[in-house]
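Both complexes below contain chain A, partnered by chain B and then by chain C.
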Partner chain A sequence: MKLLTHNMLESQVKTCPEEKRFPLKIVATEIEETEIEFQRSFIINIIPKIDWGVLRGALEEMGLSEKYEIGSKVPENYEEDETFLQLAHHILLEIEIITGKFVCRGTGREFPIENKIANMLLTSEELN
Partner chain B sequence: MEDPDISHITESNFQKIYSPSEDTFLLCDALTDEAEGIKERNPKIGVEIGTGSGYVLAHVSRLFKNTDLFVFGIDINPLAAKLTSKTLTQNGISRYEVINCNLLNPFALDRFGSMIDLLIFNPPYVPTESKEIQFNPKDEETWITSSFAGGLNGMEITQKLINQMDQLLSPHGVCYLIAIHENNPHQIANDLAEKGFRTIVVKKKRLRGELLYVLKIIRKK
Partner chain C sequence: MKYLFVFRWQLLDFVLPELRSLFKLYNLPRPELASETLAEPLATPFHYFDLNDEEAKAIDKICSRSVLIHSVYRVLEQGESLSELHENLKKLPYEVYQKDLYQKTFKFVLYSFNYRWKSKSKYPMFDEIGKCLPHERLGLEVDLNKPDVELFVLFDYSKLGKSSKLVPRDKPRNVYLALQIGCTGFIDTKYGLKRRKFIGRTSMRADLSFLIANYALVKPGSLVYDPFCGTGSLLIPCSVHGAVSFASDIDWRTIKGDQELLDEKKKKETNQNKNKNKNQNENENQNQNQNQNQNQNQKKKGNKKKNQKKSNSKEIDQKRMRLNWEQYNIADKPLEIILMDLTNNNWNSRIKFDAIICDPPYGIREGSKQLGSKKTNEGQSKEIKGSLKYRIPSKKQVGVGELIQYLILFAAKFLNIGSRLCYWLPSRVGFKKENIPTHVCFKIIDVCQEKLSGGNMRNLIIMEKIIEFDPLNSSHLIIKDSNYSFKKKINEKGMSRKKLAYENRKKKMIQKIEKEKK
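Coming up: the complex of A and B.
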């Protein structure tokens, strides 16, 4: 499970208050840093869609905020900032949660992550 | 191009997940034929809902290798999600994420919305009783059923996606959707037209008594 995806997922638990659905809390027990081919225009396009505060929070929850220091917002002219683009690529796509869980902040409902795959299934009773 | 390698999937796995069949191959053929046109749209985010073995997603990822495309594979079936991830890795693909979920339910559409450039759905399209589409992750008997049982007119799942189409497709996005005659493709096209989309039949073929359509859906200009 990549941090790009974490930035897009929310809790769908019926009893969770609206303001607590996003982002999901991360509990990572096994993290791997992998190598994924870099596509510059993909990263340039995705950056404006990322909630940067949520991404910083995710790194913190994973104990990686000292290793990867990112500012509170995207630098100006980031399109031409090669170092920043490479860093964004690494953080969004190459840090992989192998095992762990997402936790709904409103209800504590856990969504297990195994073999990189998050199980986001809810029963019909839990669902909206 | 060679067929995707799914040699790691066993016969007993195929008791629980959908085995690549005529509809799978027709969809792959359609995507191969359409590849140049899709590339002109410069897709960045791809999503396949209901990946099953991962055959189609592996095919697509290879068609668009060395492009910007990053793909999300979605399946409600935990085993299908796991095998899809293996299939992609086995076929040398790294730009992907697999999620075990129902349609795009856990995606925050106000964030992820209108972001999908390439959406692929070979839905459970077989007309069945509505109660047959009840999926229970704890009951493995329901896993394979979820790959084909479509409820009333085989449209109960497809309709959910159609209703969300405007929140999903990016301005230049394109969706490839499989339907059979019993799903009433004309009605699908009319419904989508009212929502601002154009539907084009890119493949129509009778296979094993099923009249299959591959529909291409884009926003009206």
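Coming up: the complex of A and C.
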């Protein structure tokens, strides 16, 4: 799971209150840093859609907040800031959770991640 | 300037929608490509299009993406028969030739549609065309190995109307002498399913999946989502074109290839193989006793082949979706795989995709399922020895119509304006385009129909989001025919045709027996 995807997913457990569904908590046991092709137009387009606070929180939960320092806000004129774009690209797409789990903040329901694949399936009694 | 487009003679319903989509993808508005001005389906693969300079420059790009364009030409001269072409070539002013052919080496290349020229008659035909060119003044020379220019002689022998007769050689529809501007490769040579490492029962054919990526206007950096990904066959072209792909499916076996289950499977298989080997040995012993050397050898060979096949299938079991990405050298393109049910999806409402493409399960080879139990008050769902990791949630059947409804509502919420939703809709032959589900947020761009066996048909529906989704307006989804399926029509008595035939046979048998008794 990439942090980009973590920024897009929320919990759908029935008993979870609306405000606690997003974001999911990350518990990572194995992290890999892969190499993904840099796509400038994509990064520029996706940055305004990213919840920056959530991204910082995710880095903290994975123990990477010291390695990758990002400010609390997106810098102005980020389109021309090459180092920032590269950093955003690396954090969003190249950090990969191989194994671990997402945890729903409201109910504590765990969604296991294995082989980079998150299992978000719910049982019938947890459905909305 | 006019350019001659030659299309591949397959999937005729898909040709013009593809061309329209590609022009749109490269921001080249082409009003004259609208379906009204061209006869659909095509009667001949040869079509002239008048392109301006900007569009002519984009021919290379279009050819690099296109599946159904065969090649594009700039025509020097044409005629309705060979002799007419000869005369026209003689009349052509010297300046026209000078631009392309002055002091060049060349060779002729033949492309003939619907008729096969034999080499015996082909070379005299080239000679005669050559004689009509002012070759002495141009300083033209023939070089068959490394020519500067390839002069294409294109013959159009396409049938007129519905007659099944072959067109005679001396009466082609049109003959062209042309220079090639662009040509496309055959998708299957690189991406064909035959050589793909991981495929499933419903993997989409390579040409169709590349077509869908074109219809969905997938470009570098697009956020593409396939909610029924299966083996990921639809997302491979998107990754090839540089998109960021998201795949999800409810079927955890296809996606994960769970290790524990795999191990169990392997154990079973090895046991079976052992048993079979035992049987084989016994057979061979018997054969030896009978001293039938020839037969024995043949049987041995047959057994060996069978064993080889078995071992191959074992390898396939260990393979995953990402293996295909490695095979095609696109592992550096972002791909996310999530186990998720579209009807209970986990996407945050803030997210907007640039394209949603999918091949929903119709319930023939893959069942259409959604999370939830069949009974309303069923207790615990199945779990393998209590471990949370391998929990298999119970699923229940969903009708195709209902699934499509979920899909369209999802797309209405999660697509950017101007982005496209492409999906396959199953139907019986004779399906009318008016019966396609519509939604207030979407405009139907094109519908391409492909006939399948047994009176079945599938429709590729291309929709574009035109206005933002309004939750208060969600009732504007109109599904006109909720029975989208391949299933055979049920007659008045509530029986399928097969069952009815069976019942009739039964009746006749009973009548016969009664007669005999009398």
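Basically, the second predicted complex is superposed on the first by the 128 of 128 C-alpha atoms of A that agree within 3 Å, B and C clash if a C-alpha of one lies under 4 Å from a C-alpha of the other, contacts with A are read in each partner's own complex, and residues count from 1 in each chain.
Note that a contact is a pair of C-beta atoms (placed from the backbone, for glycine too) under 8 Å apart; a residue touches a chain by one contact, two chains touch by 3 or more.
The structure presented is a predicted model; accordingly, all values stated were derived computationally and were not measured.
Participant: Once both complexes are superposed via chain A, do chain B and chain C end up clashing or fitting?
Facilitator: clash
Participant: So, A:Glu110: does it touch chain B (first), chain C (second), both, or neither?
Facilitator: The answer is second: A:Glu110 touches chain C but not chain B.
Participant: Name the contact category of A:Phe42: first (chain B only), second (chain C only), both, or neither.
Facilitator: Both partners.
Participant: If the shared chain A is used to align the two complexes, which stretch of chain C, 42-50, 186-194 or 276-284, clashes with chain B?
Facilitator: Clashing stretch: 186-194.
Participant: Would you mind listing the overlap between the chain B footprint and the chain C footprint on chain A?
Facilitator: 1-2, 4-5, 7-12, 22, 35-37, 39, 41-42, 45-46, 49, 51, 93, 115-122, 127
Participant: Using the touch definition up top, name the residues of chain A that touch chain C in the complex.
Facilitator: 1-2, 4-5, 7-12, 22, 35-37, 39, 41-42, 45-46, 49, 51, 93, 110, 112, 114-125, 127-128
Participant: Considering only the defined contacts, which chain A positions touch chain B in the complex?
Facilitator: 1-2, 4-5, 7-12, 21-22, 34-37, 39, 41-42, 45-46, 49, 51, 93, 115-122, 127
Participant: Can you list the residues on chain B that touch chain A in the complex?
Facilitator: For chain B paired with chain A, touching residues are 42, 44, 66-70, 72, 76, 78, 81-82, 85, 94-95, 97-102, 105-108, 111-112, 115, 137.
Participant: Provide the residue numbers of chain C that touch chain A in the complex, in ascending order.
Facilitator: My answer: residues 220-223, 242, 244, 246, 250, 252, 255-256, 320, 322, 332-334, 336-341, 344-348, 350-352, 371-373, 378, 380-381, 388-389, 391, 393-394.
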